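Presented below is the structure to which this report refers.
Chain lettering (A, B, C, D, E and F) follows the sequence in which the chains are written, and residue indices restart at 1 in each chain.
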Amino acid sequence: MTVAIKYLIMLPTLIELQRLKRLERTGWTLRGLPNGTESVAAHSFGVSVTAMLLADEIKSRGLDVDIERVLKMALLHDWAETRVGDMPKTATSYFGADARKTAETAALADIVGGVGAAESQYKGLYQDYEQRQSLEARLVKAADIIDLLIQAFALERAGAKGLDEFWQVAHEADFQLPSIAHDVVGEVLQSLLEARSMIK
Amino acid sequence: MTVAIKYLIMLPTLIELQRLKRLERTGWTLRGLPNGTESVAAHSFGVSVTAMLLADEIKSRGLDVDIERVLKMALLHDWAETRVGDMPKTATSYFGADARKTAETAALADIVGGVGAAESQYKGLYQDYEQRQSLEARLVKAADIIDLLIQAFALERAGAKGLDEFWQVAHEADFQLPSIAHDVVGEVLQSLLEARSMIK
Amino acid sequence: MTVAIKYLIMLPTLIELQRLKRLERTGWTLRGLPNGTESVAAHSFGVSVTAMLLADEIKSRGLDVDIERVLKMALLHDWAETRVGDMPKTATSYFGADARKTAETAALADIVGGVGAAESQYKGLYQDYEQRQSLEARLVKAADIIDLLIQAFALERAGAKGLDEFWQVAHEADFQLPSIAHDVVGEVLQSLLEARSMIK
Amino acid sequence: MTVAIKYLIMLPTLIELQRLKRLERTGWTLRGLPNGTESVAAHSFGVSVTAMLLADEIKSRGLDVDIERVLKMALLHDWAETRVGDMPKTATSYFGADARKTAETAALADIVGGVGAAESQYKGLYQDYEQRQSLEARLVKAADIIDLLIQAFALERAGAKGLDEFWQVAHEADFQLPSIAHDVVGEVLQSLLEARSMIK
Amino acid sequence: MTVAIKYLIMLPTLIELQRLKRLERTGWTLRGLPNGTESVAAHSFGVSVTAMLLADEIKSRGLDVDIERVLKMALLHDWAETRVGDMPKTATSYFGADARKTAETAALADIVGGVGAAESQYKGLYQDYEQRQSLEARLVKAADIIDLLIQAFALERAGAKGLDEFWQVAHEADFQLPSIAHDVVGEVLQSLLEARSMIK
Amino acid sequence: MTVAIKYLIMLPTLIELQRLKRLERTGWTLRGLPNGTESVAAHSFGVSVTAMLLADEIKSRGLDVDIERVLKMALLHDWAETRVGDMPKTATSYFGADARKTAETAALADIVGGVGAAESQYKGLYQDYEQRQSLEARLVKAADIIDLLIQAFALERAGAKGLDEFWQVAHEADFQLPSIAHDVVGEVLQSLLEARSMIK
């Protein structure tokens, strides 16, 4: 029955994505924080919410952003981890950034394979995110970093130490954003650094 | 400095939402499942992803859906829990559904208070979700239930028992959706029930 | 058979109370401490033990206390949470203190409904605790606060930060106790503040 | 100052007892259940509550019980574990039951040493519990077993397996109780076995 | 000072290996088992112990085995995961088995770089393990699989489901061992399958 | 069948040792660190790896060490804990060091009973470890302490406090090692103290 075929298509993807709900973010584990600190799904939620607030603020200041694209990209940017795992940053230097991108792109393609009509759309969004050409992709990357740092801030405020290296990026990151977006992202990062200086 | 004022606005909301990353979904805990089963943030991610797949499929079948609205509503529908907690279903019968809605609406208003230009937009989206008048709100509610059931399915497949009561809703739920959306949601639920029957 | 009816009565309550053994105390979770920090049952144990030590000391100094009442009240003061959850303090401001009391009183009544001969006794003890009229109720409230602070102290000693707001209560609390009881509680709180000053 | 001396006495005991809040019950861990299943403090809460319900029911049927003694004994019966740990049952066969009792009695004496006026009272209650001569001591032992079995039941209902050996005791245990108490305990155990037969 | 240089060498490796103590084995997490199920360090312990028992039994039956080599290989076979993470099996198909081996070999080389005199020895042992040419390397691989299956057995005995795919390997694995070693490994696997059939 | 008898022998030991993978190291729990900090199996892995590095370095400096013995002793030195539990240090003062040794020796004998040809070898290794007469036994004891301290260091670096008492041993310990071994162990401890001074 054609109906049956249709749902066999969407459900496996949804079931597979459940895995992200308890896959730990390796970065915290490797720095001695307890398991349960943050799942990949929880981080993806944080990135999506951050991207939403950034995009709405940027739009309100007069720069056009395709918010639907932003949110979709933020929601799916870590899906490949159901098959590849949450590789620590150091892994990239051993596999090479290109090999990592190729592997994750192939994994994402398999995950959304058969998701239905939107399959090629999702592949396109992922490719856009990986290439960072569009404003939307760069904004999601900025949201990815900001959520990481706010999580680090929240952990430090609760007593965690040894997370200094994460904060380098707050000073160095250049997301190559147009000036309105650059300002909004910069303001958030700057105020986060100030907030941190008050708990140190 | 006006710049400083601007970021004081967005950051507190983002920091407060970090709490959802480790707030446990009480429903699992009360049924004897271990802590770490699912955070509210992880569930919100699941709902958003499910809503995205449903909405894209529905749109591809010819029914117009405002996907940006859908995703925003899905992302923010549980924010009030940072202040009210993840109340178990039984709590509603003691407080009354109206009191619960009133409290959660007020909490959400405080959380987004000062988020910047988008503040009233977010309040409006939350109100829409609570009232379930729009197609988008009803779709997010359907996604909320589907993500709950897929999580239950994943837990049962891993050995959990005692979750039967959750599955009643799969038979009884009526999301009052137009026929194309009704079909898509129904197909996913139906296929989930079939998948479950194979692991029992 | 009447015997059968009798046990159907007590067992459901005991089974339901098992839930408190893994229901997390939300206050810690919302401040970034890992799940597993303290269950509601573990806190109730702490309150009961603290109440016992306070009451025995107070009695030895010449003030009559009904210790059986104290211990029963301490053991049952959080039972409503099996149905209402461990609501964070902020929740009270959204629901209102009265609504919260009404809901919790009704939940407790349902939990002990059918517990047998002691049903009305337990309802009375809970009501007494909520109204804080008796010496015993006020003593249990003091024990509730002291156990909270000793837990905070133990967490800070192990490295936790960001718990300052809890300590306000140590300075401000007035449990309206008669002078002997006031002294004992005050001495414990004072010495706890001194112990804390040594680890800061 | 004499006041200062007084509180130095009670506080160390209360601080030490905090340890029981996260000390895992080894019996579950050794059978493959996840950490976080049950702390010693949570179990002590369960035993105290069970003892309270049993004692009130027994009293209402006409047998005199000293409920204050029952509750105190239940609350303190596992305190020695802060220093000796939660030894698995098999440990007793290697150390010998007498050596274990001697060690735990000495540990308890040190814990309550300096607790104030009640010190000798608590030692006496512990000795009574260990010797199981009084009705109160036997009732607490019955509550200890019943709480263990209700926890096992709750775990099995949630999917746990491999806990059969615990249930032997439900058939074999003889708490040497007078007939009214024997009936109440027997009714609870019998109804628990029936409840279990319905989930197997 | 040369002494200072010496210890700067060994300590960083030992500190880095601490990470394996809480790095979760991804295989369980992705199948819905709770975090805390098994760390990489705990698995390495299991593999080492299993290899020791197998090797001693094989030696006692007359086949010469270099047990020191076996134990060292077992202890270090997963060290690369401190930098590369515990990649799920599916990751290999996206990166390619060769790329994975190359990356892990390079990571191990960096980890043991500067461990002192034994540096080249450890690299050689790892290479031997990866190539599976020696009896010792094949035996450690067999121990790796047996520990995986005994862990799966222990989880299933405690209620876990959905682990069937792991058991395929028990039927299919060919470790290309000489006949005495083949027999010992086969006997353990066979008896494990029998033990499993008794709990299904 | 004799084959059947053979495997019945090895498998029960391997299954029983799985328990160490999630048995928490009580020392951390009692100091307020979260469950999941370190399992006994993870510690045994750390001790074995540390012993390997120490032994290889010592051998390279010209002192003969039986490394196979070292590794076997390190791997099995905590097996008794599957039956006796991970008793806190304070427990020894209540049971007496001799009673503890006797109990653990008997437990180990039962665990390896029927492990096959190596049974008496393992008992001998354990006895050697307990008596600390051989170089190998003393080296494993040093590795036991070093792994404890590196774990403490890693926890402190991540924010833990209240672990000072562990570090006394770094100053006081005398493992009665011959001078080459004494130097290597001393260098590691000394450099660890320096590393710690940099994070305080």
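In this text, a residue touches a chain if its C-beta (ideal position, glycine included) is under 8 Å from a C-beta of that chain, and two chains touch if they have at least 3 such contacts.
Computed from a predicted structure; not experimentally measured.
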Exercise. Looking at C-alpha means, what's the farthest chain from chain A?
Worked result: D
Exercise. More contacting C-beta pairs: D-E or A-B?
Worked result: A-B
Exercise. Which pair in A-F, D-F or A-E has the same interface as B-E, with over half of the contact pairs matching by residue number?
Worked result: A-F
For this session: Return the chain whose centre of C-alpha atoms lies at maximal distance from the corresponding centre of chain C.
Result: E
Problem set entry | Fitted rotation between chain C and its twin chain D in degrees, CA, nearest 5 | 180
For this session: Could you tell me the distance, in whole angstrom, between the mean C-alpha positions of chain B and chain F?
Result: 48
Exercise. At what distance in angstrom does the C-alpha mean of chain F lie from that of chain C?
Worked result: 41
Exercise. Where the CA atoms of chain E average out and where those of chain F average out, how many Å apart are those spots?
Worked result: 20
For this session: Mind pulling the residue numbers of chain F that touch at least two other chains?
Result: 18, 22, 32, 34-37, 154, 159
Exercise. Which two-chain combinations touch?
Worked result: A-B, A-C, A-E, A-F, B-C, B-D, B-E, C-D, C-F, D-E, D-F, E-F
Exercise. Where on chain E does chain D make contact in their complex?
Worked result: 34, 36-37, 154-155, 157-159, 199
For this session: Could you pull out which chain D residues touch chain F in their complex?
Result: 18-19, 22-24, 26, 29-30, 32, 34-36, 82-88, 90-91, 94-95, 99, 102-104, 106-107
Problem set entry | Interfacial residue positions of chain B with respect to chain A in the complex | 3-4, 6-8, 10-11, 13-15, 17-18, 20-22, 35-39, 41-46, 48-50, 52-53, 56-57, 60-61, 67-68, 71-72, 75-76, 115-118, 121, 146-147, 150-151, 153-154, 187-188, 190-192, 195
Exercise. For chain D, which residues count as touching chain E in their complex?
Worked result: 31-36, 159-162
